[in-house]
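These notes concern the structure reproduced below.
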Amino acid sequence: MSSIGIGLIGTGFMGKAHALAYRSAKAVMGDVPDVRLELLCEQPFDKAEKFADQFGFARATDNWRDLLNDPAIDIISITTPNMLHHEMALAAIAAGKHVYCEKPLALTLDQAREMRDAAAKAGVKTMVGYNYIHNPAFTHACRLIKSGAIGRVVHFRGWVDEDYQADPNLAWTWRSTLADAGLGALGDMGCHLVSMAYGLLGPIDNLVGDMQTVHQTRPLSDGTGSAAVENEDTATALVRFASGVQGSISTSRSAWGRKSRLAWEVHGTEGMICYDQERMNELQLYQNSGNPAEQGFKTILTSPHHAPYGNFCPAAGHQLGFNDLKVIECATFLSALAKGEDAYPNFNDAFEFEKVIHAVATSAREDRRVKLADFD
Amino acid sequence: MSSIGIGLIGTGFMGKAHALAYRSAKAVMGDVPDVRLELLCEQPFDKAEKFADQFGFARATDNWRDLLNDPAIDIISITTPNMLHHEMALAAIAAGKHVYCEKPLALTLDQAREMRDAAAKAGVKTMVGYNYIHNPAFTHACRLIKSGAIGRVVHFRGWVDEDYQADPNLAWTWRSTLADAGLGALGDMGCHLVSMAYGLLGPIDNLVGDMQTVHQTRPLSDGTGSAAVENEDTATALVRFASGVQGSISTSRSAWGRKSRLAWEVHGTEGMICYDQERMNELQLYQNSGNPAEQGFKTILTSPHHAPYGNFCPAAGHQLGFNDLKVIECATFLSALAKGEDAYPNFNDAFEFEKVIHAVATSAREDRRVKLADFD
Amino acid sequence: MSSIGIGLIGTGFMGKAHALAYRSAKAVMGDVPDVRLELLCEQPFDKAEKFADQFGFARATDNWRDLLNDPAIDIISITTPNMLHHEMALAAIAAGKHVYCEKPLALTLDQAREMRDAAAKAGVKTMVGYNYIHNPAFTHACRLIKSGAIGRVVHFRGWVDEDYQADPNLAWTWRSTLADAGLGALGDMGCHLVSMAYGLLGPIDNLVGDMQTVHQTRPLSDGTGSAAVENEDTATALVRFASGVQGSISTSRSAWGRKSRLAWEVHGTEGMICYDQERMNELQLYQNSGNPAEQGFKTILTSPHHAPYGNFCPAAGHQLGFNDLKVIECATFLSALAKGEDAYPNFNDAFEFEKVIHAVATSAREDRRVKLADFD
Amino acid sequence: MSSIGIGLIGTGFMGKAHALAYRSAKAVMGDVPDVRLELLCEQPFDKAEKFADQFGFARATDNWRDLLNDPAIDIISITTPNMLHHEMALAAIAAGKHVYCEKPLALTLDQAREMRDAAAKAGVKTMVGYNYIHNPAFTHACRLIKSGAIGRVVHFRGWVDEDYQADPNLAWTWRSTLADAGLGALGDMGCHLVSMAYGLLGPIDNLVGDMQTVHQTRPLSDGTGSAAVENEDTATALVRFASGVQGSISTSRSAWGRKSRLAWEVHGTEGMICYDQERMNELQLYQNSGNPAEQGFKTILTSPHHAPYGNFCPAAGHQLGFNDLKVIECATFLSALAKGEDAYPNFNDAFEFEKVIHAVATSAREDRRVKLADFD
């Protein structure tokens, strides 16, 4: 594969992030195949043309099916609203394209399973946009835990909060419906937290969850009244990992002041590691060693000692940004593709993460402990 | 009541805190009755004498029953290990003494109920050592919530962690037994968190809990092997408040690096308030008001604007310490006593807090949702 | 000396702090002589009586000279406005009393020198209220530096800021005059910073300073106009320590948001230590050792490993407050007195600290480098 | 100008940052002209070829003079070691190219002045890599000050510290020589701080400085002994701005633990703003308004409310990284060029910043107050 042809569907938050990542992946990382930005899809057509020009794509279309049989395209990036992932991904897979899809895979676990199975059967490569787990601070935390830096892991707590639905006066949109949005906070953010928990501690075996729609109705934007919010604003679960460790996860989209608080703490027999995405270039590490009078949480600033930070910047503490994580993710996929290998996390991995958020919702609705294996 | 006679049982961590508080209460607060430090009980007797001299008590004894019928004593402070509170408090109440007891009231909820009922029947006044709820930062947070500063409360999260049992090599003691210590982290720390949650949001209606003994055995100090740890190192619960708000509480005594992390966040429809006891002179406040470009969490340093901070210090940001909270608690009790009023939190209030920790343990053991009303 | 008789002049911020400290010193520290709270002076007399009752003093007076020849009094605590220290301290020394005086010693360096020399000649013991240097976090920092924990010291920076004169509309008072207040920010706060710098790095040899009155007039409180502010709101100096190390010190009383920001950083060849009084129970320590991927500033919470913290509380991270530092200071003086030893910092030490603030002012006024030796 | 041809000299830290910025500028910002990555210069030639391929440049050379007369090239980016800027920039200007040069302009102020004058005379456009002043957090701070959010500015303090020369055992290199490196910490970092101070408060009128080489010799890497360090490790100055405001600036390249601490605080009559580059997505704002009981420093996370953050990411708190600042800088230059306008900061502006660092060095060497006007 001398160079890889790219088709991109969507030009919003994630569409732009994909485009930027494709433009920078090789320049940053070096050992990444060349890409050709072939075809960009957006609606209406003039918007597609505008963004094709801005992002550097050769051609534009307003019909995503144009990408399916375009022989110049190897990868299709799907960055459309979540409700569209399922249909588009299945079509892309059917067309033999590799798929780089934003999270979550789909609105329902059944759809996600179908996507996973279709990709496996077709033998195409996949990548899912769980970009936070590519943060050098995060992968270093995983290495620290694996190396025994905090001893045996004994407890976990994680939170992921934003405030984009905190205002009670925010107008009702399709985001409030089960049919168009599926899960609420769990789908938008909860699965990111799960992807981190899995990297740090491995799979969850069973859990008990609770959830709540704190703003039960929202005003209609046309002023004609209000409509019901069908999905959850907050969700929390007591989880038991397969390793036997207990913990908890919690999410809210109505948490005023939290802008990107994807935070967790891992307790071990010899120390603790903590992280907060709002300070994504820092890791907190406590180790029970040395003089007790000098123990304390260390604030580790990411640096070239935390690969692949050094590919972005040879100086410590100069900081990566949100879009840089997407560059790492994209480069990971492109490199794996060039080698004919699977990338992490692919549809299979993403399905495992997303089982958890659907399990939390099921447990909360039915007020009972659920086993993850029942969602396979 | 011209002056109040004090009898103190115990001279450890809490015994000293009570003694210091009695010595400072009036000098700090002004409108507090005088106290006479009459009789201090410790074992053996020479230790009692030494501490009576150090703390300024007139007399010493090694027999706590000496306090019961001493006519010079109005209040008995009970600061002994938790297993002794029940017997001592009941005896003090029977002797017609007012009781200032450390938390938790007792090892079991049955004992706590008996203490509550006995005090009510005898008509004596009681106070329980939930000192953190007297922090001016905390009471200001309660006022802020009540005044609508963050709108309607929609979610709660709380944690209370220390690391005094984090070391797997720490020797086995009576603290690990149900018979002598009762609950583990829930009893030592969890009830403090509940006392704060109740002040901020009111009572909990029902919950689902999970708990774990992460260090299942501990070495015997005589080197002859190891013994089982019978109570929990960690516990977490999904709680539903009577107001309908959902939330979670969690505690660990095996959380390396946490020294006094009694922390919580209250989410409202118009803002958020956060607190961490490790920075006990600070309050974090976010309000959705004003220019969005200038919104952010404010770090409020406690000051004379947060009564009764000004009684300690007329300058903002100069900080109260742990023992100062005990001074406020003690002064509150003494003042109430002088007026013949009930103080907060008395045995009745403490019983409400402690119902919750026992409910968490019951829920965890039986793997089911429990209602607090069933523990009345 | 079986017990020590105390006379206290003043009942404001510092008067109360002294009273509380005398009441707690032995109870907290144990090996401290008993005190008798003999005579309290305040004006008018009914205020003196009120505070004598509140603070537990046996007698009250409105004439401070009554303390001088009172045979029951061993120590006179001087907590009056700075302009009064000189006359009172000289009178107390002349009467053979030991003197516990608030900082700064006096308005002018000449007065301070006279006080220092009088005390030395009379052979009485003295203590000056540089309470921040008794903080266990601070003394631990000094030990760390001495032990080589950060290698050879190479640089220093310090700041001390508050905002009590930040409001331009604050009324003019005597605090704005050279005659009644002497120096501004340098006298109120700058000398505290110097006391810390001296403990950390030893004496300053020479310096260049600049200073400014940022609010050059203030409104008269009777609405009749405004009056000039004669002393400095801000002052900064480039300092060279006797050891050869360079550094800087800066102070402002017009720094909005700073409530007690007495902060510094000491740079060494192998690490750095930082401190901020607004989080007075924390120390920041960076050491260049171990795996570079895990280096970072450690937040050390004070604990029983940092004597005498454990005398206040046997549990780490539970925090001391402002008044607790005064207890340590007071106990230090009482213990030294009982042993017939000098306490630190006495009038001699305080004179050394205060030379620096006067040197800064002189350098700023004359726009030239000054040597500290010229102020001896 | 339909598209702009780029020639890049250098592929190190800054060379890569320029390349990435050119690749992303239009994709991120939209209204930016297209660029053609024409010719990359590095030595030896195979390294040039490798990086031309990685960064996406059409051609490679090992002779920087090849860029001068290449008609396809409009802008020459100079990212070589500082000692080479002067010759290359003058040659580029002479060839009629626009120049995008890294800071500092040159080793000496005379060289910098010559570059400034040559560019002005030739009429070419210039940009200098003071990337930190393009941070949306910084430009928002400037807007806040201008809008009066903190009242009249009364004081300034700034620091810029790293630890790349903190290790005494680090080998001697050309960086330690006046001939090849010129100034030390002042040149590497100090000028960044000045660029921020000028944006916040305007020009400095005069100053008094001090500086020090704390590691006076360094071991030769061949083990044959050690050599002298000729330039400063630390430098500090008391500055007076043209506006009359006093302040101080300080820099150290031997500050263990500081990785990118470019920090400052601006004091105003109604508030304060603080910033630290190590948390480059945060701004600290204190305002004296509203209820005193709820005042405190606000931590503002950058968001789409702080243009051009939203061009990178439509969600608040998701964070920009170091390379993103270079994208803004690059886009600023490209856009200005397209309009035939001057960009900020150009050689003229950079000369003003760099006057200050040379003035500090002169003042320190000659131990006297210096006026900036004397360096024009």
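Each chain gets a letter, A, B, C and D, in the order it is written, and its residues are counted from 1.
What we mean here is this: a contact is a pair of C-beta atoms (placed from the backbone, for glycine too) under 8 Å apart; a residue touches a chain by one contact, two chains touch by 3 or more.
Going by UniProt, the chains are A, B, C, D = Myo-inositol 2-dehydrogenase.
These numbers were taken from a predicted model, which means no experiment stands behind them.
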| item | value |
| --- | --- |
| Intersection of the contact lists for chain C (Myo-inositol 2-dehydrogenase) and chain D (Myo-inositol 2-dehydrogenase) | A, B |
| Third chains touching both chain C (Myo-inositol 2-dehydrogenase) and chain B (Myo-inositol 2-dehydrogenase) | A, D |
| Greatest separation from chain C (Myo-inositol 2-dehydrogenase) - chain, by CA centre | A |
| Length of the line joining the C-alpha centres of chain A (Myo-inositol 2-dehydrogenase) and chain D (Myo-inositol 2-dehydrogenase), rounded to whole Å | 34 |
| Between chain A (Myo-inositol 2-dehydrogenase) and chain B (Myo-inositol 2-dehydrogenase), centroid-to-centroid distance (C-alpha), Å | 41 |
| Chain B (Myo-inositol 2-dehydrogenase)-chain D (Myo-inositol 2-dehydrogenase) separation of Cα centroids, rounded to whole Å | 54 |
| Interface hub residues of chain A (Myo-inositol 2-dehydrogenase), defined as touching at least two other chains | 258, 295-297, 301, 303 |
| Chain C (Myo-inositol 2-dehydrogenase) - residues contacting chain A (Myo-inositol 2-dehydrogenase), complex | 140, 144, 149, 283, 285, 291-301, 303, 305-306 |
| Residue ranges of chain B (Myo-inositol 2-dehydrogenase) touching chain C (Myo-inositol 2-dehydrogenase) (in the complex, touch as defined) | 12-13, 16-17, 19-20, 23-24, 26-28, 30, 54-56, 162, 164, 258-261, 278-280, 301, 303, 312-324 |
| Chain D (Myo-inositol 2-dehydrogenase) partner contacts - residues on chain C (Myo-inositol 2-dehydrogenase) that touch it in the complex | 150-151, 154-155, 157, 159, 163, 166-168, 208-212, 214-215, 233-234, 236-238, 240, 246-248, 250, 252, 254-258, 267-272, 286-288, 295-297, 367, 369 |
